[in-house]
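Both complexes shown next keep subunit A, but they swap its partner, so subunit B is in the first and subunit C is in the second.
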Partner chain A sequence: MVKSVTSLTGNGLRDWIIQRVTWVIIAVYIVFLVSFMAVHAPLTHDVWCQLFRNNFMRLGTVLTLLAILLHMYIIMWTIFTDYLKNTLVRITAEVIVFISLLAFVIWGVMILWGT
Partner chain B sequence: MSTDKRPVNLNLFTMKFPVMAIASILHRIAGFIIFFLIPICLYLLQHSLSSIIGFSEVQSWFQCVYFKIIMLGFLTALLYYLLASIRHFMMDFGFAESLKGGRISAWVTFALTVIGVVLMGYWLW
Partner chain C sequence: MSENNIMQVEIYRFDPELDKKPRMQDYQVDLNKVPGKMLLDVMMYIKDHQDDTLTFRRSCREGVCGSDGVNINGKNGLACITQLVDLPKKVILRPLPALPVIRDLVVDMAQFYNQYEKTEPYLQNNEELPTKERLQSPEDRAKLDGLYECILCACCTTACPSFWWNPDKFLGPAALLQASRFIQDSRDTHTQERLEKLSDPFSLFRCQGIMNCVSVCPKGLNPTKAIGAIRNMMIALEA
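So, the complex of A and B:
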């Protein structure tokens, strides 16, 4: 069996389960954030900052960004595999996507714990 | 049977697509669009947390019609992506796998997205 080197885990079934688990994490986070905004409407700067100073919220945000990294990579890999037929172009696109997603996670950490 | 007599018609725009095919390609397009929403969300979060001035600036952006339209577009993609994913999970568990079931679930996904977009539009305006 030829293993796919560019898919997230090199294993279709593992990608499949990761895609589903990470979807749940992202969905829960979005539902929570929207509910929070609805409950605290109109939102103030104090309440907003307080929310993101909470360690559970910080943990949830980083967890969600990691879930986005994995989930989004699977989405983009699937799309690129189907439409980018040139290997060099495809791998370049996949690398750019992966580095961008990694940067998004680090940026998120910087926002939460930074200045 | 000679194979070169087969009709060759690869112009996709001349074909009529079943609703499931449209639901599927929109799912992909939505997934692709969301990628560009991530940095926007991070920037909005960073700016809104930076200071009280930053926070009110973000709020003022949401007053701008063009900004609202762009955000509604992104949120539509996000909502459609999430709902169409649920449709896939249902099929993972063996529901709506028939032709009729797939067709109905595709229409239900569209309908729920439209309702959601109207609600989000109401929320933004």
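So, the complex of A and C:
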């Protein structure tokens, strides 16, 4: 058994399940958003703002941003462990990716509840 | 002698005692003079009649021993069951990728066997030894079909990008097919331990479903399906 400190859960099965579940969340969100835009075409700024004033939409968006964070971290961790063989370089890259993804989530929350 | 029967064979050559780096060497082979219909016959003809320094492994010459796995025009396969009629008139032979080259087409299989060993490829049963034999129903026996036939030629594992990048951590398709063979075996009582040993992020889960293993397996086996079956058993165990 190979131990891995920096993988999301340290367990391949859990990472694999998280990746699939988060992909479903992201897919449902994308389908909903595209459908909404299609139904309300041509989309106006007011309709768009009204959509995101709804608390379900806000919570759904935060959930999707969290799903993107987990999904992307697992993907990037996989790519980094494939191609970056220097441990220091790899861990630095992983930290940068995680902080960037976390920043996107925080930024998203700030936008949703900001004004 | 017909011009059409000349095959140009370009072979990867490397002798660590003589060469600083590998090179490709051309051979022209008159197929009318080759006593056989397989690529291995051409390789043996070159060794016997043109260049006895050419080095490669071969043994059974009928796709059973798995010794003569080579990269043929970019795709791994067994030279002994690759028919000449299926090949173009120019053939490029390289050693199996991802493993260190010992000489010419001979690779060091140690890493491949290390991963195989990790799967504990033998029956483990804690129950009392029966007087005669451990019986298995025809249905349980049928679960081993498509798993036990692997000849460990390494064509699949060395065609797998996940193995190229992490040959020490990812077990590779051949070893995982063997792991599945014992996990599926109704006579083995260590199923849970076997599954737990494969649950880390690398050993099994580094499989990305690329399916190179399926496309190159000379025995027509499906390691990707076997890996999926192991994963499903893990999910069932977790649930």
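As a working rule, the second predicted complex is superposed on the first by the 113 of 115 C-alpha atoms of A that agree within 3 Å, B and C clash if a C-alpha of one lies under 4 Å from a C-alpha of the other, contacts with A are read in each partner's own complex, and residues count from 1 in each chain.
The rule we apply is simple: a residue touches a chain if its C-beta (ideal position, glycine included) is under 8 Å from a C-beta of that chain, and two chains touch if they have at least 3 such contacts.
Predicted model only: the values in this text are computed from it and were never measured.
J.: In the superposed arrangement, which partner chain does A:111 touch: subunit B (first), subunit C (second), both, or neither?
T.: So A:111 only meets subunit B here.
J.: Classify the contacts of A:32 with the two partner chains as first (subunit B alone), second (subunit C alone), both, or neither.
T.: neither
J.: In this superposition, which partner touches a larger number of subunit A residues, subunit B or subunit C?
T.: Looking at subunit A, the partner in contact with more of its residues is B.
J.: Regarding the shared-chain residue A:72, is it in contact with subunit B (first), subunit C (second), both, or neither?
T.: first
J.: Kindly list the residues of subunit A that each of subunit B and subunit C touches, one partner per complex.
T.: 78
J.: Along subunit B, where are the residues that touch subunit A in the complex?
T.: By the definition above, subunit B touches subunit A via 28, 31-32, 34-35, 38-39, 42, 45-46, 48-50, 52, 55-56, 78, 82, 85, 89, 92.
J.: Which residues of subunit C touch subunit A in the complex?
T.: By the definition above, subunit C touches subunit A via 162, 165-166, 169, 196-206, 231, 234-235, 238.
J.: Which residues of subunit A touch subunit B in the complex?
T.: Touch residues, subunit A against subunit B: 20, 23, 27, 30, 45, 48-49, 52, 68, 72, 75-76, 78-79, 97, 100-101, 104, 107-108, 111, 115.
J.: In their complex, what parts of subunit A are in touch with subunit C?
T.: That would be residues 1-4, 7, 10-13, 15-17, 78, 81-83 of subunit A.
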